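One chain, chain A, links the two complexes that follow: it is found with chain B in the first and with chain C in the second.
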Partner chain A sequence: MAKRKGRGFACINYPIGMNLGGDPSQALVHSTPDGKFMVSLSSIDLGQGMKSVTRQIAAEALGVPVADVYVDTADSDTGPHCMGSFASRGTHRVGNAVIRAATEARAQLLEAAAEELEVDAADLDTDGQGNIHVKGAPSRSITVADTAVAAQFRQGRTVSGRGIFLIPPSEANPETGEMTPVSCFAHGAIVVDLEVDEETGEVEVLELNSAYEVGRALNPKLVEQQLVGGAWMGISHALYETTEPYYPSREHGPVDFNSYLMPGPGDLAPHHIAVIERPAEDAPFGGKGPGEMCANPVIPAVANAIYNAVGVRCDELPITPERILRGIRANGGAQPGGVRR
Partner chain B sequence: MNSVEFRKELFAEERADNLSEIGRPTVRQDILGHVTGRSAYYDDHLFDGLLHMRCVRSPHHHARIRSVDFSAAERMEGVRRIVGPADVPKNLNTLLSLINFGKEDEPLLSERKTSYRGEPVLAVIADTERQARGGGPRRARGSVANGDRRRRPPAAAVRVDWEPLPHVLDVEEALAPGAPTVNETYPGNAFEYHGRYDHQKLRFGDVDKGFSEADRIVEGRYRMSPIEQAPIETCGAIAAPETGDRYVCYTSTQALFFSLSTTAKLLDTASSRLHFVGGTVGGGFGGKVDSIVEPMAVLGAMLTGRPVKFMWDREEEMQVGAPRGAELWIIKDGVAADGRILARSFTGYFDSGAYTRLSSYAVVKSTGHLPGPYTIPNVASNVFCVFTNRTPATAMRGFGITGVDYAIECQMDRVAEAVGMNPVELRILNAYRDGDMKAHRRVAKNTALIECCQVAAQKAGWQLSPDALRQSSKEGGGGRRSAIPETATDQVGRIGERRRSQLPAEPLAGPGPRGRVPAGTAGPATEAAPPQRPDMAMDWEREKSPAAALPEPARPSISPPPRIPASGISAASASAASPQAAEAPYAPKAPFSRGVSKPGVSRFLSGTRRR
Partner chain C sequence: MPKTPVSFNLNGVETSLFVDGGQNLLDALRRGVGDLTPKFGCNQGTCGACTVLINGRPLLSCLVLASSAEGDSIVTAAGLADGPNLHPLQRAFMDGFAAQCGYCTPGMLLAAKALLDRNPNPAREDVAEAISGNLCRCTGYAPIIEAILAAAEVMRRSSRT
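Moving on, here comes the complex of A and B:
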């Protein structure tokens, strides 16, 4: 009896946004009297960080500091329509809508500044620090705050914008399945190292090494948080979780977290991540949305590592100790597949 | 300890890294509330005179309702109202009717029969949760009556005369002739696609020809059990009448207008009468799209004129709330001796449970994803959305993709073993590249699978051959690989056909005529709608090309400190070179003083518990 080490690999791509389109999102942007910007959405941020990403996108597109932008969302009386937070669509769809709204607001901001500076709006640029200046002549400038005051109290001009992003609906062909499912894909690959106790069937994940391609890391800390958490969820899905442990039988279903198993802090393995950025042409600043896809390669990589460790094909999820032990017994003992390096 | 590195040298020529705000580790605007426990959940909204709603649920997998008698429950202490199917103005819906996909198939409260254990038939509204409480699905033994009124919850005092019916729990059994009909809207126990077939087809090339040319045939059968989204905050909503003939609803939803529109439809009321407020914390992971709790809570508020809370407990969340459904995937590959996959066929089953919810959509999404991130000249699939007598399934992180990715990548391991190849090199050999034609007849672009494989293997110290390391997503694609082949088709599996006679489920099997779609057949790709006015189109010149960028940008793109002052938060910089290990661990300057509970303060207040 022994613990057997195993190494497994898997790689995936992931479609960004609702399949077959037809899922719009809208955004409104307006300036307060003193040149701060409010982004109004109805998109839901249940912890994943969409408010933060859309805030950075708005600041970038407006050309103002992120501290001067606030995102207000999740109220149907004030926010324009959004389909919802699913299908990895938030960053892509809402982000694009925010770019359009912010761009329209920026155009009005520059027109107002042009009137104050008595120049052509096309000759103006922002410095990202709260100032607007004549291109090539940084000393001829006006602050965003002064511009907003002038626009709203002297010129009678709004500094606001509207944006919608829509991939129009399309349909799958009934005979061939021809379709335009989505417009861009994220990618991931992972190597899982683990150890299987051939006496108990228990699995300990030892280390994860991964590479995820996310288009562009709009906020690297949020990307890191998604990838670390998502990989944990993948391990949990592979080895622990189910509402029906003897599916298709409905018996022995868990009703709380005592019987619904998940890995605890002691079951977490070190995860070494490489982030790769290949911007997608129709995504906001190229960012694809790493949220959903990061759990996916972990699950088969765990299954493949267990096969490498003890020679049991894990064709049913979750891969419980019971299933591994039954597999080892059916094979007449563990059959290690050899060291992979 | 974890580590994160940003491999900026890859695809650097396609990316400018000199943006001002994008690419910075800006601290979230809501983080202080999250880390101090002050961000409000929907349940933190407090109302004077709040009433509580609980459901009476079926204890059977499948049963006809002969009669319901709730007269005893109605008289119990604290009970304000029993809500039945007749109280729901439009008691039939399907979620995706909002995008015109599928037929109405699910009542909010069931009147004639129930099709899964835990299906709601009535709701009890009472002054306290304890008075309303009927326990979870398995404790709601409807046929028991009488007993001690003070101890027995009203939901258990409801007398339902059940007639249990034969049930089916297995997807393959559900499609066989003679299986009990789960959902009368779909008598064949399968969602109907395009008004024509009981499944979604994918046909690209000729898999039978590919199999005959292959050196090895590799087959696998993969199954995933249902799993729970497990958000920290269970699904729920609080609705209250407002002045001006409107209703406010604080909800856990992941899709605010989806839930609002569904509520307006089921309750047959103008959407302008509804004011929905969503949360900012609590997690979702896909399980908060179904829009069940919002119509229930608003209906309760309409019927009683009082604020009403409808909140699932953890048992309901796990056994009555929709999980990620089970999937079954059968894959057959034809492989050349050198590892190239020449043909791949799939038979897929999504176990939708008793109603459609969103599984019909997952079938199409998974079909568009096949055969995975690989260029394979012949691909075919039949994917079914099957109705069984279990809790309806719904979305979860990776919906439509996670299950089939598990199947595909386990299958790739089998193929590597069959041809004696390093499994990473097998992926690189078959990987899709820029310019390749995908099985759904659109050209691949912006691909990066090969680079992910190379980097992950390198990080793990897994040796790849020089040839595998030389490969690139940007080279070697297109050309012959961009062609759409002549395609074999069939018409097996028309709606109702499988009900009459046993039919094979796999593609291009079974009786009936065969067809050929000529090579090169494809329609135009759907493109994003352009900006509606020119001044909404961003001038991408502002994102300067790398060639035009200054040699040394004033601010590195990854490591500047966040500009938002956040007192009490260690302003952790996300440096590509120095992972978290290099930073001092976070420590509060003073103990937290703002706790969650407030002893001595009544919770029966109107307002928000947390600020």
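Moving on, here comes the complex of A and C:
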């Protein structure tokens, strides 16, 4: 009886968003009278950081400091429609809508500044620090705040924009069945090292090594945060979590956190992550967002590592000690390195 | 059922209110006092989101009868900052991206404060042990552990000067 080490590998091509019936999101941007900008969304930040990332995207597209942008989310009474925070679509769909809304607001901002400076709006640029200046002549400038005041109190002009981003539904070709269900994929690969106790069936994850291609990491710390937390959730799905341990029998189902198993802070394995940036053409500033693929590839990698460790191929989740022990018994003992036939 | 008057010190402020016989402290803090930093998670003592410090000990406010808090000194996450100056734990959680959805964060902060108050130089395992009663769904715990260790170092340095 011994502990057996195993290594497993898995890759993922993860589609960003969905388009069954079309997949739209909208954004509205308006300037307050003091030259700050409000981004109104009904999109929901569930903790992935959409509020932070849409704020960065709006600031970049408007050409103003991030500190001057506010994001209001999650109220479908006050924000324009969004399909929702699912399918890893938030950064991609909402970000693109925000760019369009901010671009329209920026055009109005520059027109108002052009009127104040008595120049053509096409000759103006922003410095990202709260100023608008004539290209090549930085001294001929006006602040965004003064422009907002001038637009809204003297010129009678709004400084606002509307944006929608829609991936239209893709019909299947009746001849070939071909369709284009998604426009954009993110990618990942993960190696899991673990140890299986062939006497108890217990699994200890020892180390994770992963690489994720996320387009551009618009906020590198938020990307890392999602990848670390998502991999933990993947391990939890692979080894612990279920609402129906003996499905289709409903017996012994957990009813609360006492009986719903999850790994705790004492069960963590070191996770080394490489983030690969390959900006995507149709993504906001190239960023696709990690999303659900943080968790998904961990599960087959864990299953492969268990097979590598003791030769038990589990195709049901979670891979509990009981399932591993039954598999070892069926194989007539642990078979490190996989089953040889 | 008659209500019972109860008085305690909440984040340095003497606080009195009427509570129902079976009312737990979590409910009294949230609905009675209006301090929404202790979070309602499971209401049965298994998630840690409602953790508060009672006389310096981290306790689950959902399992404490409000009427039993008479004369106690209670600290919630609302009492951690000194005016605009964040507590080193709050600062470390922000700097280390140790919160995602944020629902577990107040409980985590107080579990961590209780640890650092009794052990200013904890090992990584001590930190994991101290927050093992607090569930987090988003972070995978690693950034939280790092943030607590970072705050401990900051607090040790500032206590030496």
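Some points to look at:
The working rule: the second predicted complex is superposed on the first by the 327 of 341 C-alpha atoms of A that agree within 3 Å, B and C clash if a C-alpha of one lies under 4 Å from a C-alpha of the other, contacts with A are read in each partner's own complex, and residues count from 1 in each chain.
Note that a residue touches a chain if its C-beta (ideal position, glycine included) is under 8 Å from a C-beta of that chain, and two chains touch if they have at least 3 such contacts.
If you're wondering where the values come from, they're calculated on a predicted model, not measured in any experiment.
More residues of chain A are touched by B (comparison of chain B with chain C). In the superposition on chain A, A:A172 makes contact with chain B only, not with chain C.
In the superposition on chain A, A:K221 contacts both chain B and chain C.
Once the two complexes are overlaid on the shared chain, A:P265 sits against chain C while remaining clear of chain B.
Judged by the touch definition given at the top, the superposed model places A:P138 against neither chain B nor chain C. Looking at the shared chain after the overlay, A:P33 reaches neither chain B nor chain C.
Contacts of A:Y212 after superposition on the shared chain: chain B is touched, whereas chain C is not. Judged by the touch definition given at the top, the superposed model places A:R313 against chain B, while chain C stays out of reach. By the document's definition of touching, of the two partners only chain C reaches A:W232; chain B does not. Where the contact sets of chain A with chain B and with chain C meet, they give residues 46-47, 49, 221-222, 224, 228, 230, 233, 256-257, 262, 271. The part of chain A that touches chain C in the complex is made up of residues 46-49, 221-222, 224-226, 228-233, 256-258, 262, 264-266, 268, 271. Across the complex, chain A is touched by residues 42, 44, 46-47, 97, 100-102, 125, 127-129, 131-132, 135, 137-145 of chain C.
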